[in-house]
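Next up: the structures, one after another.
In the two assemblies presented below, subunit A is common to both, partnered first by subunit B and then by subunit C.
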Partner chain A sequence: MSLPFWSQAGEIARADLRSESRTGEVMAVTIPFGAVALLLIPFGIGTDAPLLRQIGVGIYWAVVLLFGMLVALRRSAAEGPAQRDLLGLLGVDPAARFAGRALSTGVLVLAFEVVLGPIAIALYDARITGWAWLILVVPMVAAGLALLSTLIGSIVGGSGAAPALVPFLVAPLAIPMLLAATQSLEGLRLGESILAWLLLLAAMDLVLAIAGVLTARPLQEVR
Partner chain B sequence: MTRRRIIEIAAIAGLGGALITALVVPPERTQGDLARLLFVHVPSIWIAYLAFSVTLVTSALYLWKREMRWDRLAAASAEVGVFFTGATILIGMIWGKPTWGVWWTWDARLVLTAVLFFVYLGYLALRRSIIDPVARAHRSALFGVLAIIQIPIVHFSVVWWRTLHQQASILRPGPLQMDPPFRSAFLASVVAFTFVYVALVMRRMQLGRLEDEIEVRLASSHQEVAGAAVAPPRIEGAVDSV
Partner chain C sequence: MNSTANLVELRDIGVRMGRTPVLRGLDLTIEPGEVVGIRGANGSGKTTLLRLVATLLRPSEGTGRVLGAGLTDPARYEIRRQVALIGHVPALYDELTLEENTKFVARFCGAGAERIAEVLDVVGLTEARTRRVRECSAGMQRRAEFARVLLGNPKIVLFDEAHSGLDASATPLVEHVIKSVVAADGAAMVVSHQEDRTAPFTDRVLELDQGRLWEAA
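Now for the complex of A and B:
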C-alpha cells in the first residue's frame, strides 16, 4: 500500500534535506556567496551610508531573489533519469514529488533569508519596523520562490542549458514577489497597511502550488 | 494562387495603405508629427497580445490533442509576438525621448512590457534547449500556458498603478477619445498589422514543417557513424573469423 500524499512529499523533502546536509552546497557556498554580494553591491553604487540605509532592504530582496534560484538549482536536488524511474516504479505520486522538492527548497530559501537578513541590517543599517509581520512575509516569499523555481525547473527538465535557463525564466515571473516583499517592508516603515501585498504573495503562492501539482503528472510523461 | 500568397499580398497592400493613411492624417495638436509613431506602436502591442494569446490557446490545444501542428503554431506565434513586443518597446523609446525627455522611465506599463518580452524570449530559449521534438512541444506548451498571466497585468497596469504612460484610448469603457481621421488611420494600421502577423506566422509554420521533415529524414537515413571509415589493420595471411 502506498503512503499518503503528504507522507510521500515529506519523505522526498527529508531525503533532499539529508542530501543537502551531506553536500553542504547551500550552507557552505550559496549563503556565503549571497553575503559577498551584499558586501559587493555598495562598491558599485557608492558607500554612502544614508543612501544604503534607504535602499538596503531592496538590495536584500534582490539578492534573495537572484540567489534563491541558485538554491533551487543546487546539485543535491538534481534528479537523474534513473532516480525518476525508481521513484515512478515505487509508485511515488509526481505531484508529491513536486511538493516535496518545493518544500525542501522552501526550507533552504528560508534559511538563506534568515541568515542574510541580519547581515543586510548590519551592513546597510536598514531600519526595520513591524517585526511581527516579517514572520508572515519572509516565509511567504521563500515559499513562492521555491514553488516557482521548482515548477520552472521541472518544465525545463534535465536539459544541459538548465543552469542558465531556469534563472532566465524564473526572474521575470518572480517580479511580483520582489515587488510585494519590498513594498511590504516599505509599508511597515511608513505605518501603512500591507494587507494588499500579503494577499498578492498568498495568491502567487497558491497559483504556483496549483500549477505545480497540475503539471507534475503531464511532465512525468516526457523525458 | 495559394492562400498564403493572397495573405502576403494583402499584408503588403495593407501596409502601403496604412502608411499613406498615417501620412495623410494632419499633425496632432500637441505632439505634431511625432504622434504618427503611435500608428505603429499601438498596433504592434495589440498584435503582440494577439500572438501570445494564440500561443496560449494552441499550447492548450497541443496538451489536449497532442498534435504537432498546434505546437508549430504556438512557436510561430510566439516568435512573431516577441518581434512585435520588441518593436513596441523600441518605437515607444523613440517616441518617449522627445516627449518625456528620456528613453526609458520606470513606469509600470514600460517595465511590464519589457518583462513580457523577456518571458516569451525565455519561451523561445526553452524551445531551443530541448532537442527531442515531443518533449520540446510538451514542456514549452506548459510554459506557454503559464506565461499568459503577464498579459492582463501589462494591459491593466495603467489602470491599477499611477503611471506616466497614457491611459487606454480605445480598449476602455465609454466613448472613443479619438478624432475620425486618427481613428481611420489606427484602423488601417491594425488591419495591415494583422495581415502581416498572419503572413509571418504562416511562413514560420511552413519553415517549421520543413525543419521537422529534415529532422525525420535525418533520423531515418542510415548514415555511417563517425569512425566507421576506419578499418582495423589487415595482417597478411590472416583470415576473417566470421
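Now for the complex of A and C:
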C-alpha cells in the first residue's frame, strides 16, 4: 500500500515542522537575526528618512532572501544520510519528499516574512497602498525561495559538493525573484499595476516546482 | 517472484567510491529463511554491501537481483519497501518522540495505532515512548529501529552491528526481530563485530576482506 503523493509530502513537512517547533531554530534564532539586520542597516545609511523609505522595501526583501536561504539550508542539513536511506526504503516518492521539504521550508520562510514585515514597515516608514496584493506577493516569494533552496540543496547534496556552494548557487538564481518582489511593492507604493511582476513570480515558482519534481528521482539515486 | 527463489543474488559485483574499489568480484546468494552473518575489519566494505543489498547503491560492475528486481532496474524502487536496513546511525528524527518516529514510519507502512502500541511493547519502549530521541540512550534508539522493522514486515532485514548500544538482555529481542522476518520466508544479513552474540542465530558466516567475500572458517 502506498500513501498518495500529497499525503507523503504532508508527512515529511509535518515531521520537519514539528522538529522546528521544538528546536525553534527559525523562530528563536533566525528571525531575531533578521530583525537585527533590518535595525542595523539604517545606522549604516544614516537618518535620511526619504532615502530609507525609498530603499526600505528592497532591504526587506534582501534580508528575507539571505535569511530565507539560511532557513532552507538548516532544514536541508537536518536530514542525514540515515534518514535519506530510511525514506528511500519506506518507498517515499522522491518528488513527494521534495514537495514536503519545500512545503515546510516555505511555511518557515513565510513566518519569517510575516514577522519581519511589520518591523520593516515601522523602521523604514514604508507607505504601501493596495495591501491586499501582499496576500499574493508574500506567499509567492516564500514558495519561490523555498523551492529554489530545496532544489539547489538537493543538487548539492546529491552531487556530494560542499554545502557552502548553496548560497552561491541560490543567490544569482533568486535575483529575478528579488527584483519581482521589490518591484511589486514599489508598484503598490506608487499605485501602479504589478501584474507583470506577479506573473514573473508565478512563472518562477512553477518552473522551480517542475524542475524539483522532475529531478528528484535522479538526484536521490545519484547518492 | 515465487517463495523458493533466491532473495538475493549478486554476481561478480564491484563497487567503487570514486577511484577506490570497496567491493570486488563479490558473489552472494541468500535463500528464503536464511540468516547470514558478515564479519570483517573496519573499512572492509560491510556497510557498502548492506546498502547495495538494500538497493540504495548501484554496483559499478557485475549484476544482481534483490527480491527479483535488478540492482539497476527501476523495479528496485518497488521492492525497497520490503527491505529494512538498520545502520550504524539511527534513522530517527531527533526532535520527535520515539512514538512519533514510529507513527511516522507506520503511516508509510499502513499500520494502525494498535499495531504501533503492540510493537512498542515488544521492543520494550511503551513507557519511554513519549521521550524525544535526543534524550534517549543508544540502546533505546536501537529498540525504536527494531520497532520500525516489525512494523514494516520486510522480506529482508539488514543489520549493521545488530547489537550496537544494546546490553546482553536485548539479545533475545534481536533474535525475535530476525526470527519474525525469517519465519515469513524472509532473510536476514547481520554484520557484527560481536560474533559470539550473533552466532546462535546465523546459518552461515561470511568474511569480508578487502572487498571480497569468503566463506568463514
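FYI, the second predicted complex is superposed on the first by the 214 of 223 C-alpha atoms of A that agree within 3 Å, B and C clash if a C-alpha of one lies under 4 Å from a C-alpha of the other, contacts with A are read in each partner's own complex, and residues count from 1 in each chain.
Criterion: a contact is a pair of C-beta atoms (placed from the backbone, for glycine too) under 8 Å apart; a residue touches a chain by one contact, two chains touch by 3 or more.
Quick caveat, the model's predicted, so the values are computed rather than measured.
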| item | value |
| --- | --- |
| Touching partner for A:Pro81 - first (subunit B), second (subunit C), both, neither | second |
| Touching partner for A:Pro172 - first (subunit B), second (subunit C), both, neither | first |
| First, second, both or neither for A:Ala28, with subunit B first and subunit C second | neither |
| First (subunit B), second (subunit C), both or neither touched by A:Glu221 | both |
| Partner chain(s) touched by A:Ala211 [first = subunit B, second = subunit C, both, neither] | first |
| Partner chain(s) touched by A:Val156 [first = subunit B, second = subunit C, both, neither] | first |
| Subunit B versus subunit C as contact partner of A:Gly91, first or second or both or neither | second |
| Touching partner for A:Ser19 - first (subunit B), second (subunit C), both, neither | second |
| Overlap of subunit C and subunit B interfaces on subunit A (superposed complexes) | 221, 223 |
| Complex interface listing, subunit C residues touching subunit A | 51, 54, 56, 58, 77-78, 80-81, 83-85, 87-96, 100, 104-105, 107-110, 132, 148, 152 |
| Subunit B - residues contacting subunit A, complex | 63, 115, 118-119, 122, 125-126, 128-130, 132, 134-135, 138-139, 142-143, 146-147, 149, 153 |
| Sites on subunit A touched by subunit B in the complex | 151-152, 155-157, 159-162, 165, 168-169, 171-173, 175-176, 207, 211, 215, 218-219, 221-223 |
| Subunit C contact footprint on subunit A (complex, rising order) | 1, 3, 7-8, 11, 15, 18-19, 22-23, 80-83, 85-86, 88-92, 221, 223 |
